[in-house]
Amino acid sequence: MTFDHSMNVSEVFLVFATYTTLIILKMMMMSFITAFFRGLRGAFENPEDIADTRREEKFRQMRSHPDVERMRRCHQNDLENIIPFVLIGLMYSLTAPDLESAEIHFRIFMVARICHTVAYVCPLPQPSRVLTWLVGVLVTFSMAYRVLKMTFHL
Amino acid sequence: MTFDHSMNVSEVFLVFATYTTLIILKMMMMSFITAFFRGLRGAFENPEDIADTRREEKFRQMRSHPDVERMRRCHQNDLENIIPFVLIGLMYSLTAPDLESAEIHFRIFMVARICHTVAYVCPLPQPSRVLTWLVGVLVTFSMAYRVLKMTFHL
Amino acid sequence: MTFDHSMNVSEVFLVFATYTTLIILKMMMMSFITAFFRGLRGAFENPEDIADTRREEKFRQMRSHPDVERMRRCHQNDLENIIPFVLIGLMYSLTAPDLESAEIHFRIFMVARICHTVAYVCPLPQPSRVLTWLVGVLVTFSMAYRVLKMTFHL
(Lines give C-alpha, C1' and ligand atoms only; values in the text may rest on other atoms or scores of the structure.)
Protein backbone atom coordinates (compact mmCIF):
# COMPACT_ATOMS: atom_id res chain seq x y z
CA MET A 1 0.00 0.00 0.00
CA THR A 2 1.16 3.53 -0.66
CA PHE A 3 -0.25 6.99 -0.20
CA ASP A 4 -2.63 7.75 -3.04
CA HIS A 5 -2.00 11.15 -4.60
CA SER A 6 -5.23 11.13 -6.60
CA MET A 7 -8.06 13.62 -6.91
CA ASN A 8 -9.46 12.20 -3.69
CA VAL A 9 -6.45 13.27 -1.65
CA SER A 10 -6.59 16.82 -2.81
CA GLU A 11 -10.34 17.17 -2.24
CA VAL A 12 -10.07 15.63 1.22
CA PHE A 13 -7.10 17.87 1.90
CA LEU A 14 -9.13 20.97 1.00
CA VAL A 15 -11.82 19.99 3.48
CA PHE A 16 -9.16 19.15 6.06
CA ALA A 17 -7.53 22.55 5.61
CA THR A 18 -10.83 24.35 6.12
CA TYR A 19 -11.86 22.55 9.29
CA THR A 20 -8.37 22.55 10.74
CA THR A 21 -7.90 26.26 10.21
CA LEU A 22 -11.24 27.02 11.86
CA ILE A 23 -10.55 24.81 14.87
CA ILE A 24 -7.05 26.27 15.35
CA LEU A 25 -8.55 29.79 15.21
CA LYS A 26 -11.02 28.69 17.91
CA MET A 27 -8.04 27.50 20.01
CA MET A 28 -6.26 30.83 19.53
CA MET A 29 -9.40 32.67 20.71
CA MET A 30 -8.75 31.20 24.18
CA SER A 31 -5.79 33.58 24.55
CA PHE A 32 -8.09 36.56 24.07
CA ILE A 33 -10.70 35.17 26.46
CA THR A 34 -8.06 34.52 29.13
CA ALA A 35 -6.62 38.03 28.69
CA PHE A 36 -10.14 39.49 28.96
CA PHE A 37 -10.76 37.67 32.25
CA ARG A 38 -7.35 38.73 33.58
CA GLY A 39 -8.36 42.35 33.09
CA LEU A 40 -11.91 41.82 34.38
CA ARG A 41 -10.85 40.02 37.55
CA GLY A 42 -7.61 41.91 38.14
CA ALA A 43 -5.56 38.71 38.28
CA PHE A 44 -2.14 38.81 36.63
CA GLU A 45 1.03 36.74 36.58
CA ASN A 46 3.48 39.37 35.34
CA PRO A 47 4.01 42.55 37.37
CA GLU A 48 4.65 44.53 34.16
CA ASP A 49 1.11 43.70 32.93
CA ILE A 50 -0.60 45.61 35.74
CA ALA A 51 -1.49 49.11 34.54
CA ASP A 52 -1.95 50.50 38.05
CA THR A 53 1.50 51.65 39.12
CA ARG A 54 0.86 51.88 42.87
CA ARG A 55 2.91 49.32 44.72
CA GLU A 56 0.06 47.94 46.83
CA GLU A 57 -2.18 47.54 43.73
CA LYS A 58 0.57 45.64 41.94
CA PHE A 59 0.87 43.37 44.93
CA ARG A 60 -2.90 42.87 45.19
CA GLN A 61 -3.36 41.99 41.51
CA MET A 62 -0.48 39.45 41.38
CA ARG A 63 -2.82 36.57 42.08
CA SER A 64 -4.70 33.79 40.41
CA HIS A 65 -8.48 33.84 40.03
CA PRO A 66 -10.71 30.76 39.51
CA ASP A 67 -12.21 32.18 36.29
CA VAL A 68 -8.81 32.89 34.77
CA GLU A 69 -7.52 29.45 35.76
CA ARG A 70 -10.60 27.85 34.19
CA MET A 71 -9.91 29.58 30.86
CA ARG A 72 -6.29 28.48 31.00
CA ARG A 73 -7.25 24.87 31.64
CA CYS A 74 -9.66 25.03 28.71
CA HIS A 75 -6.86 26.39 26.51
CA GLN A 76 -4.48 23.70 27.75
CA ASN A 77 -7.07 21.01 27.00
CA ASP A 78 -7.34 22.42 23.47
CA LEU A 79 -3.57 22.17 23.04
CA GLU A 80 -3.62 18.58 24.30
CA ASN A 81 -6.44 17.52 21.97
CA ILE A 82 -6.65 19.78 18.94
CA ILE A 83 -2.97 19.55 17.99
CA PRO A 84 -2.99 15.71 17.98
CA PHE A 85 -6.18 15.88 15.88
CA VAL A 86 -4.53 18.18 13.35
CA LEU A 87 -1.32 16.13 13.12
CA ILE A 88 -3.04 12.74 12.85
CA GLY A 89 -5.69 14.30 10.59
CA LEU A 90 -2.98 15.48 8.22
CA MET A 91 -1.71 11.94 7.77
CA TYR A 92 -5.26 10.59 7.62
CA SER A 93 -6.05 13.04 4.80
CA LEU A 94 -3.17 11.58 2.80
CA THR A 95 -4.47 8.00 3.08
CA ALA A 96 -7.16 8.90 0.50
CA PRO A 97 -10.23 8.23 2.64
CA ASP A 98 -13.78 8.69 1.31
CA LEU A 99 -14.53 12.37 1.13
CA GLU A 100 -17.75 11.75 2.99
CA SER A 101 -16.28 9.80 5.89
CA ALA A 102 -13.46 12.34 6.18
CA GLU A 103 -15.98 15.16 6.38
CA ILE A 104 -17.91 13.29 9.06
CA HIS A 105 -14.75 12.92 11.14
CA PHE A 106 -13.78 16.58 10.86
CA ARG A 107 -17.31 17.87 11.42
CA ILE A 108 -17.95 15.76 14.53
CA PHE A 109 -14.61 16.83 15.97
CA MET A 110 -15.27 20.51 15.40
CA VAL A 111 -18.74 20.38 16.91
CA ALA A 112 -17.47 18.35 19.88
CA ARG A 113 -14.66 20.80 20.63
CA ILE A 114 -16.93 23.84 20.40
CA CYS A 115 -19.37 22.15 22.80
CA HIS A 116 -16.42 21.23 25.03
CA THR A 117 -15.37 24.86 25.25
CA VAL A 118 -18.93 25.96 26.09
CA ALA A 119 -19.20 23.22 28.72
CA TYR A 120 -15.84 24.22 30.22
CA VAL A 121 -16.32 27.99 30.19
CA CYS A 122 -19.90 28.18 31.50
CA PRO A 123 -19.41 25.62 33.24
CA LEU A 124 -22.15 23.11 32.40
CA PRO A 125 -22.68 20.23 34.84
CA GLN A 126 -20.80 17.02 34.19
CA PRO A 127 -20.75 14.70 32.27
CA SER A 128 -21.17 17.24 29.45
CA ARG A 129 -17.50 18.21 29.42
CA VAL A 130 -16.20 14.66 29.75
CA LEU A 131 -18.45 13.42 26.95
CA THR A 132 -17.55 16.18 24.49
CA TRP A 133 -13.86 15.60 25.28
CA LEU A 134 -14.30 11.86 24.73
CA VAL A 135 -16.00 12.35 21.36
CA GLY A 136 -13.02 14.40 20.19
CA VAL A 137 -10.58 11.73 21.41
CA LEU A 138 -12.54 8.95 19.70
CA VAL A 139 -12.58 10.82 16.38
CA THR A 140 -8.79 11.17 16.63
CA PHE A 141 -8.43 7.47 17.52
CA SER A 142 -10.59 6.51 14.53
CA MET A 143 -8.35 8.50 12.18
CA ALA A 144 -5.23 7.06 13.84
CA TYR A 145 -6.61 3.56 13.33
CA ARG A 146 -7.02 4.18 9.59
CA VAL A 147 -3.51 5.65 9.31
CA LEU A 148 -2.00 2.67 11.11
CA LYS A 149 -4.06 0.17 9.09
CA MET A 150 -2.90 1.77 5.83
CA THR A 151 0.75 2.33 6.70
CA PHE A 152 1.78 -0.25 9.20
CA HIS A 153 5.42 -0.48 8.59
CA LEU A 154 7.38 -0.76 11.82
CA MET B 1 18.09 22.00 -4.32
CA THR B 2 14.42 21.10 -4.20
CA PHE B 3 12.27 18.64 -2.31
CA ASP B 4 12.44 15.29 -4.04
CA HIS B 5 8.99 13.77 -4.61
CA SER B 6 10.34 10.37 -5.55
CA MET B 7 9.57 6.89 -4.33
CA ASN B 8 11.86 7.55 -1.42
CA VAL B 9 9.71 10.37 -0.09
CA SER B 10 6.57 8.33 -0.06
CA GLU B 11 8.22 5.32 1.60
CA VAL B 12 9.84 7.50 4.23
CA PHE B 13 6.54 9.27 4.69
CA LEU B 14 4.77 5.97 5.34
CA VAL B 15 7.25 5.11 8.06
CA PHE B 16 6.98 8.63 9.44
CA ALA B 17 3.19 8.39 9.57
CA THR B 18 3.34 5.12 11.50
CA TYR B 19 5.80 6.24 14.16
CA THR B 20 4.27 9.66 14.51
CA THR B 21 0.78 8.29 14.98
CA LEU B 22 1.99 5.86 17.64
CA ILE B 23 3.92 8.50 19.55
CA ILE B 24 0.99 10.95 19.45
CA LEU B 25 -1.29 8.19 20.78
CA LYS B 26 1.20 7.66 23.60
CA MET B 27 1.01 11.38 24.36
CA MET B 28 -2.79 11.29 24.40
CA MET B 29 -2.66 8.40 26.89
CA MET B 30 -1.29 10.86 29.44
CA SER B 31 -4.77 12.45 29.66
CA PHE B 32 -6.23 9.12 30.74
CA ILE B 33 -3.44 8.48 33.24
CA THR B 34 -3.87 11.95 34.76
CA ALA B 35 -7.65 11.51 34.99
CA PHE B 36 -7.13 8.10 36.64
CA PHE B 37 -4.83 9.61 39.29
CA ARG B 38 -7.27 12.48 39.88
CA GLY B 39 -9.96 9.94 40.76
CA LEU B 40 -7.59 7.74 42.77
CA ARG B 41 -6.15 10.58 44.85
CA GLY B 42 -9.31 12.68 45.03
CA ALA B 43 -7.55 15.75 43.67
CA PHE B 44 -9.55 17.90 41.23
CA GLU B 45 -9.33 21.37 39.72
CA ASN B 46 -12.97 21.79 38.66
CA PRO B 47 -15.70 21.66 41.32
CA GLU B 48 -18.13 20.15 38.79
CA ASP B 49 -15.85 17.11 38.38
CA ILE B 50 -16.27 15.94 41.98
CA ALA B 51 -18.97 13.29 42.15
CA ASP B 52 -19.54 13.66 45.88
CA THR B 53 -22.10 16.45 46.24
CA ARG B 54 -21.50 17.25 49.91
CA ARG B 55 -20.09 20.72 50.27
CA GLU B 56 -17.22 19.77 52.60
CA GLU B 57 -16.16 16.91 50.28
CA LYS B 58 -16.11 19.30 47.31
CA PHE B 59 -13.95 21.61 49.32
CA ARG B 60 -11.61 18.84 50.47
CA GLN B 61 -11.07 17.42 46.97
CA MET B 62 -10.34 20.79 45.30
CA ARG B 63 -6.62 20.35 45.75
CA SER B 64 -3.50 19.33 43.93
CA HIS B 65 -1.70 16.07 44.63
CA PRO B 66 1.97 15.31 43.87
CA ASP B 67 1.08 12.25 41.78
CA VAL B 68 -1.39 14.18 39.64
CA GLU B 69 1.05 17.05 39.20
CA ARG B 70 3.76 14.59 38.15
CA MET B 71 1.53 13.15 35.41
CA ARG B 72 0.68 16.66 34.21
CA ARG B 73 4.33 17.62 34.01
CA CYS B 74 5.04 14.44 32.04
CA HIS B 75 2.19 15.32 29.65
CA GLN B 76 3.48 18.88 29.32
CA ASN B 77 6.98 17.60 28.57
CA ASP B 78 5.46 15.42 25.83
CA LEU B 79 3.76 18.47 24.31
CA GLU B 80 7.02 20.41 24.44
CA ASN B 81 9.05 17.66 22.78
CA ILE B 82 6.83 15.36 20.72
CA ILE B 83 5.08 18.12 18.77
CA PRO B 84 8.39 19.72 17.64
CA PHE B 85 9.57 16.22 16.65
CA VAL B 86 6.46 15.64 14.53
CA LEU B 87 6.59 19.05 12.84
CA ILE B 88 10.31 18.95 12.08
CA GLY B 89 10.02 15.25 11.21
CA LEU B 90 7.35 16.07 8.63
CA MET B 91 9.71 18.44 6.82
CA TYR B 92 12.61 16.02 7.28
CA SER B 93 10.55 13.26 5.64
CA LEU B 94 10.12 15.46 2.58
CA THR B 95 13.87 16.00 2.16
CA ALA B 96 14.11 12.45 0.79
CA PRO B 97 16.48 11.01 3.41
CA ASP B 98 17.66 7.40 3.30
CA LEU B 99 14.83 5.16 4.41
CA GLU B 100 17.21 3.51 6.84
CA SER B 101 18.52 6.63 8.52
CA ALA B 102 14.97 8.00 8.75
CA GLU B 103 13.84 4.81 10.46
CA ILE B 104 16.74 5.05 12.90
CA HIS B 105 15.76 8.61 13.83
CA PHE B 106 12.10 7.75 14.37
CA ARG B 107 12.81 4.54 16.25
CA ILE B 108 15.33 6.08 18.66
CA PHE B 109 12.93 8.93 19.35
CA MET B 110 10.02 6.62 20.08
CA VAL B 111 12.04 4.39 22.40
CA ALA B 112 13.53 7.43 24.16
CA ARG B 113 10.13 9.01 24.79
CA ILE B 114 8.62 5.78 26.10
CA CYS B 115 11.60 5.40 28.47
CA HIS B 116 11.20 9.07 29.43
CA THR B 117 7.57 8.49 30.40
CA VAL B 118 8.50 5.43 32.47
CA ALA B 119 11.33 7.37 34.15
CA TYR B 120 8.96 10.27 34.90
CA VAL B 121 5.97 8.29 36.10
CA CYS B 122 7.75 5.75 38.36
CA PRO B 123 9.91 7.90 39.05
CA LEU B 124 13.33 6.38 38.32
CA PRO B 125 16.37 8.08 39.86
CA GLN B 126 18.10 10.75 37.79
CA PRO B 127 19.83 11.03 35.34
CA SER B 128 17.51 8.53 33.63
CA ARG B 129 14.86 11.15 32.85
CA VAL B 130 17.31 13.82 31.75
CA LEU B 131 19.14 11.41 29.47
CA THR B 132 16.02 10.05 27.78
CA TRP B 133 14.78 13.62 27.30
CA LEU B 134 18.14 14.61 25.82
CA VAL B 135 18.15 11.72 23.36
CA GLY B 136 14.76 12.87 22.06
CA VAL B 137 15.99 16.45 21.71
CA LEU B 138 19.14 15.35 19.88
CA VAL B 139 17.14 13.27 17.40
CA THR B 140 14.99 16.33 16.67
CA PHE B 141 18.09 18.51 16.30
CA SER B 142 19.62 16.00 13.89
CA MET B 143 16.48 16.11 11.70
CA ALA B 144 16.38 19.91 11.92
CA TYR B 145 20.02 20.04 10.82
CA ARG B 146 19.23 18.03 7.70
CA VAL B 147 16.19 20.18 6.89
CA LEU B 148 18.24 23.36 7.23
CA LYS B 149 21.14 21.95 5.24
CA MET B 150 18.78 20.98 2.40
CA THR B 151 16.61 24.08 2.35
CA PHE B 152 18.65 26.96 3.60
CA HIS B 153 16.98 29.84 1.97
CA LEU B 154 16.62 32.80 4.29
CA MET C 1 -10.09 25.88 -6.75
CA THR C 2 -7.59 23.22 -5.90
CA PHE C 3 -4.19 23.16 -4.28
CA ASP C 4 -1.60 24.04 -6.86
CA HIS C 5 1.31 21.62 -6.94
CA SER C 6 3.45 23.83 -9.15
CA MET C 7 6.97 25.15 -8.82
CA ASN C 8 5.59 27.89 -6.63
CA VAL C 9 4.42 25.45 -3.97
CA SER C 10 7.74 23.75 -3.69
CA GLU C 11 9.71 27.01 -3.53
CA VAL C 12 7.35 28.44 -0.93
CA PHE C 13 7.53 25.16 0.93
CA LEU C 14 11.33 25.34 1.04
CA VAL C 15 11.18 28.78 2.59
CA PHE C 16 8.45 27.62 4.96
CA ALA C 17 10.58 24.66 6.07
CA THR C 18 13.54 26.90 6.83
CA TYR C 19 11.69 29.48 8.90
CA THR C 20 9.56 26.90 10.66
CA THR C 21 12.53 24.79 11.67
CA LEU C 22 14.35 27.83 13.04
CA ILE C 23 11.36 29.04 15.02
CA ILE C 24 10.71 25.57 16.47
CA LEU C 25 14.36 25.34 17.51
CA LYS C 26 13.94 28.71 19.24
CA MET C 27 10.92 27.26 21.08
CA MET C 28 12.91 24.18 22.14
CA MET C 29 15.64 26.48 23.53
CA MET C 30 13.15 27.54 26.22
CA SER C 31 13.55 24.11 27.86
CA PHE C 32 17.27 24.71 28.27
CA ILE C 33 16.75 28.23 29.59
CA THR C 34 14.17 27.02 32.11
CA ALA C 35 16.46 24.19 33.24
CA PHE C 36 19.33 26.67 33.61
CA PHE C 37 17.23 28.94 35.83
CA ARG C 38 16.04 25.97 37.89
CA GLY C 39 19.65 25.16 38.70
CA LEU C 40 20.63 28.80 39.24
CA ARG C 41 17.74 29.58 41.57
CA GLY C 42 17.52 26.17 43.23
CA ALA C 43 13.85 25.80 42.38
CA PHE C 44 12.67 22.33 41.37
CA GLU C 45 9.41 20.48 40.92
CA ASN C 46 10.72 16.92 41.09
CA PRO C 47 12.50 15.73 44.24
CA GLU C 48 14.70 13.40 42.14
CA ASP C 49 16.12 16.42 40.25
CA ILE C 50 17.78 17.90 43.33
CA ALA C 51 21.40 16.86 43.45
CA ASP C 52 21.83 17.68 47.13
CA THR C 53 20.76 14.56 49.03
CA ARG C 54 20.23 16.12 52.46
CA ARG C 55 16.59 15.98 53.40
CA GLU C 56 16.29 19.61 54.44
CA GLU C 57 17.93 20.79 51.20
CA LYS C 58 15.48 18.70 49.17
CA PHE C 59 12.65 20.28 51.06
CA ARG C 60 14.02 23.80 50.65
CA GLN C 61 14.56 23.50 46.89
CA MET C 62 11.09 22.05 46.15
CA ARG C 63 9.68 25.46 45.41
CA SER C 64 8.79 27.76 42.57
CA HIS C 65 10.79 30.87 41.77
CA PRO C 66 9.53 33.92 39.83
CA ASP C 67 12.34 33.67 37.25
CA VAL C 68 11.65 30.00 36.55
CA GLU C 69 7.89 30.63 36.31
CA ARG C 70 8.54 33.48 33.86
CA MET C 71 10.54 31.19 31.57
CA ARG C 72 7.79 28.57 31.74
CA ARG C 73 5.12 31.10 30.80
CA CYS C 74 7.26 32.25 27.89
CA HIS C 75 7.63 28.62 26.75
CA GLN C 76 3.87 28.07 27.14
CA ASN C 77 3.16 31.19 25.10
CA ASP C 78 5.43 29.81 22.38
CA LEU C 79 3.48 26.54 22.36
CA GLU C 80 0.19 28.45 22.14
CA ASN C 81 1.36 30.64 19.25
CA ILE C 82 4.17 28.98 17.31
CA ILE C 83 2.41 25.64 16.81
CA PRO C 84 -0.73 27.27 15.34
CA PHE C 85 1.56 29.32 13.08
CA VAL C 86 3.33 26.19 11.84
CA LEU C 87 0.12 24.23 11.25
CA ILE C 88 -1.75 27.04 9.50
CA GLY C 89 1.47 28.01 7.70
CA LEU C 90 1.77 24.47 6.31
CA MET C 91 -1.66 24.75 4.69
CA TYR C 92 -0.95 28.29 3.61
CA SER C 93 2.23 27.13 1.86
CA LEU C 94 0.15 24.69 -0.17
CA THR C 95 -2.21 27.38 -1.45
CA ALA C 96 0.55 28.56 -3.80
CA PRO C 97 0.95 32.10 -2.49
CA ASP C 98 3.45 34.55 -3.98
CA LEU C 99 6.91 33.62 -2.84
CA GLU C 100 7.47 37.18 -1.76
CA SER C 101 4.32 37.60 0.33
CA ALA C 102 4.94 34.19 1.92
CA GLU C 103 8.46 35.25 2.87
CA ILE C 104 7.13 38.48 4.36
CA HIS C 105 4.68 36.53 6.53
CA PHE C 106 7.30 34.10 7.79
CA ARG C 107 9.95 36.75 8.36
CA ILE C 108 7.66 39.09 10.31
CA PHE C 109 6.49 36.19 12.46
CA MET C 110 10.03 35.04 13.26
CA VAL C 111 11.23 38.53 14.17
CA ALA C 112 8.08 39.16 16.25
CA ARG C 113 8.50 35.94 18.24
CA ILE C 114 12.19 36.56 18.92
CA CYS C 115 11.34 40.07 20.15
CA HIS C 116 8.50 38.58 22.21
CA THR C 117 10.92 36.21 23.93
CA VAL C 118 13.35 39.03 24.67
CA ALA C 119 10.50 41.20 25.99
CA TYR C 120 9.25 38.34 28.19
CA VAL C 121 12.60 37.17 29.53
CA CYS C 122 14.18 40.54 30.38
CA PRO C 123 11.33 41.69 31.02
CA LEU C 124 10.86 44.87 28.97
CA PRO C 125 8.08 47.24 30.02
CA GLN C 126 4.69 46.75 28.43
CA PRO C 127 3.27 47.13 25.80
CA SER C 128 6.37 45.60 24.13
CA ARG C 129 5.33 42.04 24.94
CA VAL C 130 1.68 42.51 24.04
CA LEU C 131 2.55 44.14 20.71
CA THR C 132 5.05 41.49 19.65
CA TRP C 133 2.54 38.81 20.60
CA LEU C 134 -0.18 40.58 18.59
CA VAL C 135 2.01 40.83 15.49
CA GLY C 136 2.53 37.07 15.59
CA VAL C 137 -1.19 36.46 15.99
CA LEU C 138 -2.04 38.80 13.11
CA VAL C 139 0.43 37.07 10.78
CA THR C 140 -1.23 33.75 11.63
CA PHE C 141 -4.69 35.25 11.07
CA SER C 142 -3.60 36.62 7.70
CA MET C 143 -2.40 33.17 6.59
CA ALA C 144 -5.60 31.59 7.94
CA TYR C 145 -7.66 34.10 5.97
CA ARG C 146 -5.94 33.09 2.75
CA VAL C 147 -6.36 29.37 3.47
CA LEU C 148 -10.08 29.84 4.16
CA LYS C 149 -10.57 32.07 1.09
CA MET C 150 -8.92 29.42 -1.11
CA THR C 151 -10.50 26.33 0.35
CA PHE C 152 -13.86 27.29 1.79
CA HIS C 153 -15.68 24.06 1.60
CA LEU C 154 -17.78 23.43 4.69
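Each chain gets a letter, A, B and C, in the order it is written, and its residues are counted from 1.
Assume a contact is a pair of C-beta atoms (placed from the backbone, for glycine too) under 8 Å apart; a residue touches a chain by one contact, two chains touch by 3 or more.
Keep in mind that what you see is a predicted model, and the values were worked out from it rather than measured.
If the chains shown are joined wherever they touch, the resulting network links each chain directly to all the rest. At the interface between chain A and chain C, two copies of one sequence, fewer than half of the residue numbers in use appear on both sides, so the contact is built from largely different positions. Chain A and chain C have centres, each the mean of its CA atoms, that are 17 Å apart. In chain C, the residues touching two or more other chains are 79, 83, 90. Contact residues on chain C toward chain B in their complex (touch as defined above): 10-11, 13-15, 17-22, 24-25, 27-28, 31, 45-46, 48-49, 75, 79, 83, 86, 90.
Partner chain A is touched in their complex by these residues of chain C: 1-3, 69-70, 73, 79-81, 83-84, 87-88, 90-91, 94, 123-126, 129, 137, 140-141, 144, 147-148, 151-154.
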